[in-house]
Each structure stands twice: as C-alpha cells, then as structure tokens.
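Before we start, here is the structure in question, set down as structure tokens.
Chain nomenclature is as follows: A, B, C and D, assigned in order of appearance, with residue numbering initiated at 1 for each chain independently.
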Amino acid sequence: MLKLLFFARLREDLGTHEETLELPEGVTSVAALREFLCRRGDNWQTALHRPGLFVAVGQQVAGWETPLQGDEEVAFFPPVTGG
Amino acid sequence: MLKLLFFARLREDLGTHEETLELPEGVTSVAALREFLCRRGDNWQTALHRPGLFVAVGQQVAGWETPLQGDEEVAFFPPVTGG
Amino acid sequence: MIVVQEQDFDLQHEYAALRQDCPSIGAIVTFVGLMRDFNDGDNVKSLFLEHYAGMTENVLADIVEKAKSRWNLQAVRIIHRVGNLLPSDQIVFVGVSSAHRGDAFSACEFIMDFLKTQAPFWKREQTEQGGRWVDARRSDEDSAQRWEK
Amino acid sequence: MIVVQEQDFDLQHEYAALRQDCPSIGAIVTFVGLMRDFNDGDNVKSLFLEHYAGMTENVLADIVEKAKSRWNLQAVRIIHRVGNLLPSDQIVFVGVSSAHRGDAFSACEFIMDFLKTQAPFWKREQTEQGGRWVDARRSDEDSAQRWEK
C-alpha cells in the first residue's frame, strides 16, 4: 500500500493529513499519482498544482518522474518555512 | 611629561611597564623617541626594533611619524594575541 | 544530537553539553532563533509549527554530515520546537564546537541556512487579520545558495 | 556592554540580557572562546592574559560601532577575561542580537575577527618546555581582511 501524507496548507486545503492507497492501475510515477489524485476534485487539482509544491518519496525530496512500486511513503508539501 | 608604557614581551625585555619622561631635546616624533630610547642599551635597541612592533599615542595606534608635544601617553607593544 | 520537541530548551544546558570534557575545543558558536512579534508588516500574536516527523530528523542529520565533511567540528547540537509558540519564544537552537572559531561560525550559519530551506517545518501565524501560512522567503534560498560557491 | 575582567562569566546571564524585553529580536548569535590545551604542537598548562587597560575598551567600542553601522543590530555584549587561565576556561564572549540571523552571524564573526587583530591583549602560555609569549597568527590577519572587500 502507498502511504500518502499532506502537510501544512495542503493538509488544510485537502482536509486530510494521511491516507493509505492501493497503487492505482497505470500509476507508475509520482506525476501519474498526482494526476490520479487531481481527478478527485477541484480542491485537489488546485492544491497539487500550487507553485513550489514539493514531493518526498521515502522521506527524500523526489522529482515528478520518480517511479513508484506501490509500497512507498509519498508526501506532498509546500515550501518549508522553519527556523 | 610623556607617559611611556610597555606591554607583554617588551615589558619583560625592558624590565619596565611604565615610566614618565620629560620630552628630550630634539625629540618631536615617535620615531625620534624610539631612537632616544634605543641609546639606553642593547636590550632597548633589540626590543624596540622587533618585527611588528606597534606604537599607540593617546591610546590610538600611531605611525612612527606621529608628532609628540611632550604630554602624551605613548605605548609600545608587540602584535596583539587576544581572543 | 538532533531533537524536535514541543517543550522549550535551555541554552545553558546545551552549551554545557557542547563544552564538556574536551580541552581541544577553542570555540563554541550558538544560534537561537526567537519568535518575532511582526512579519510582513503585521503584528503576529502566535505561531503554530508543524513538521514531517521522521523526514525532519533525516534532513537535519544530512545537513550536519555535510557540515562535518566541510569543516573540522567537534560536536553539533540542534533543537527545533514545534506546536504553539508566542512572541519572544525560543524556536530553534544550533550549537557548534570546534578547535577554531572560523569553522564553528561557518558551520553554525551553514546549518541554519539549510535548515531554513530544506528541513520540513511549516509555520502558520495568527495575526490580527486572522491565520495564514508563512511564505518561504527568497532571501533564505539566496543564503543557502551562497554555500555552493 | 563591553567588559574586561578577571572573573569568569556566565553565558546564560549574557544571553538573558540580550534577549530581554525585545519582541522584535529574531536571532541571537553567541561566541565563546575557550582555552585549548595545545598550541603550536605543545601542551599548554596555563595562560596569562595581559591587556592595555583603557585602550582595550576604546578599541572594542570602535569595533562594535563599525559592526552597528554595517548591520542592523539590536544589542552587542563583549566580555574578555585577563589574568591566569587554565585549559577549558572561558576566555572571551561575544553576543549579538538582531531581527535577522544573517546580520547577527556576520556581526559576531566580524567583532571576533577584529578583536583578535586590533584589541591590545597578549597571551603568555606555560608549556612543559617553559613560558612563551604567543605569536600573532597570519590567519587572524587574513580573517579580518576578508571584511574589507
């Protein structure tokens, strides 16, 4: 199962922090996962296309082309603002 | 009266930390004061020609050409090593 | 030592830990980030800090390793708070000990610059006009990129 | 606040003074210089620190003024010890508070670099081979000259 995490503004926009998801048919990359999630509605479409959106796979910052096997932890979040 | 101060290695080499001195005849600059003091003996000659020797007049780092009136505080010291 | 915690921290305690039992240390540099009561022209009444537990610690450990490979360091300690904070509260501590001051200064600033731009923390601030997520600053990116030279 | 003293100092006290009552402070950087037990390849058993009372304070005040004209600082505190010191003893404290971390880091390092090369302190160290006056380091001159750019 994929573990999906959403942080900060994304968490608020989507109303969810965490979900588990069976890898959807045809989804083999982070980009494809994003497109799959965006079909859930306008708030997903907007939130997952915010400028500067980051994605991490296995707690490492990843690119959109990063492949997915189906058992990863995938996190979406806005630019970081700690310190 | 001039107030002369010697610090650190100079103080040790000369065996003195502080003295007062009537401005000697013909001494109108720091350079001339040094030459006057060097006539006191070899240890003065050596100590006052060490590489990197500093001189301060009125507690400000000064050059050898700095003029003297006769009522200044003149300090000789090696390169600083605090901190 | 890298810790993310809700509770406050004590500079003296961290300093004592950096200093202890190592007579070859010549320099200790500490940084503390405090919550300011204004941001982008507005008064800020409180702050909520969220983070990505697990990834945060990994990113910070990676930044410390980079610093240690670049400078000669004795020890590094990082504490970052999360949860609700008020103006003047301590947010983050970075402390570095080294034989020489140049290494300690550079490493401490390096760690802060990359913590700011890479560690997954997010601030939500409460102003008189309501709540808002803090925007990332271009100047923080610029500070981190200086080190690439 | 600039102080030259024989007695030890307390980082927590200095930090509290820098932090107090100013909710626009976002960053506090502190530096502590400690006595190392080796120098130029020899074990050092003790250190004697001498200074030029009066001129020291003037030079340090001048360095602080230069830092304040160059960066946006809230407060600066400097303590330098003189007299006899042992390995691991605290020698010097420089603390800087500012709205922003970049200013605090730069000013703290600037002050230390010029304190090292301009403030009239001299160290005499006692090694197993006897006593010797510490030589000035070219690297300290280089550190100070960076800021002229």
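Definition applied: a contact is a pair of C-beta atoms (placed from the backbone, for glycine too) under 8 Å apart; a residue touches a chain by one contact, two chains touch by 3 or more.
Keep in mind that what you see is a predicted model, and the values were worked out from it rather than measured.
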item: Greatest separation from subunit C - chain, by CA centre; value: B
item: Inter-centroid spacing, subunit D versus subunit C (mean Cα positions, whole Å); value: 23
item: Whole-Å gap separating subunit B and subunit C, where each centre is the average of the chain's CA atoms; value: 49
item: Approximate Å spacing (C-alpha centroids) for the pair subunit B, subunit D; value: 27
item: Set of subunit B residues in contact with two or more other chains; value: 83
item: Junction residues of subunit D, two or more chains touched; value: 33, 101, 112
item: Chain pairs that touch, as defined at the top of this document; value: A-C, B-D, C-D
item: For the subunit A and subunit C complex, residues of the former touching the latter; value: 5, 7-9, 11, 52, 56, 59-61, 75, 77-83
item: Subunit A partner contacts - residues on subunit C that touch it in the complex; value: 33, 49-52, 54-55, 58, 80, 91-92, 112, 115-124, 133-136, 140
item: List of subunit C residues in touch with subunit D within their complex; value: 10-12, 15, 19, 22-38, 87-88, 99, 101-102, 104-105, 108-109, 112, 143
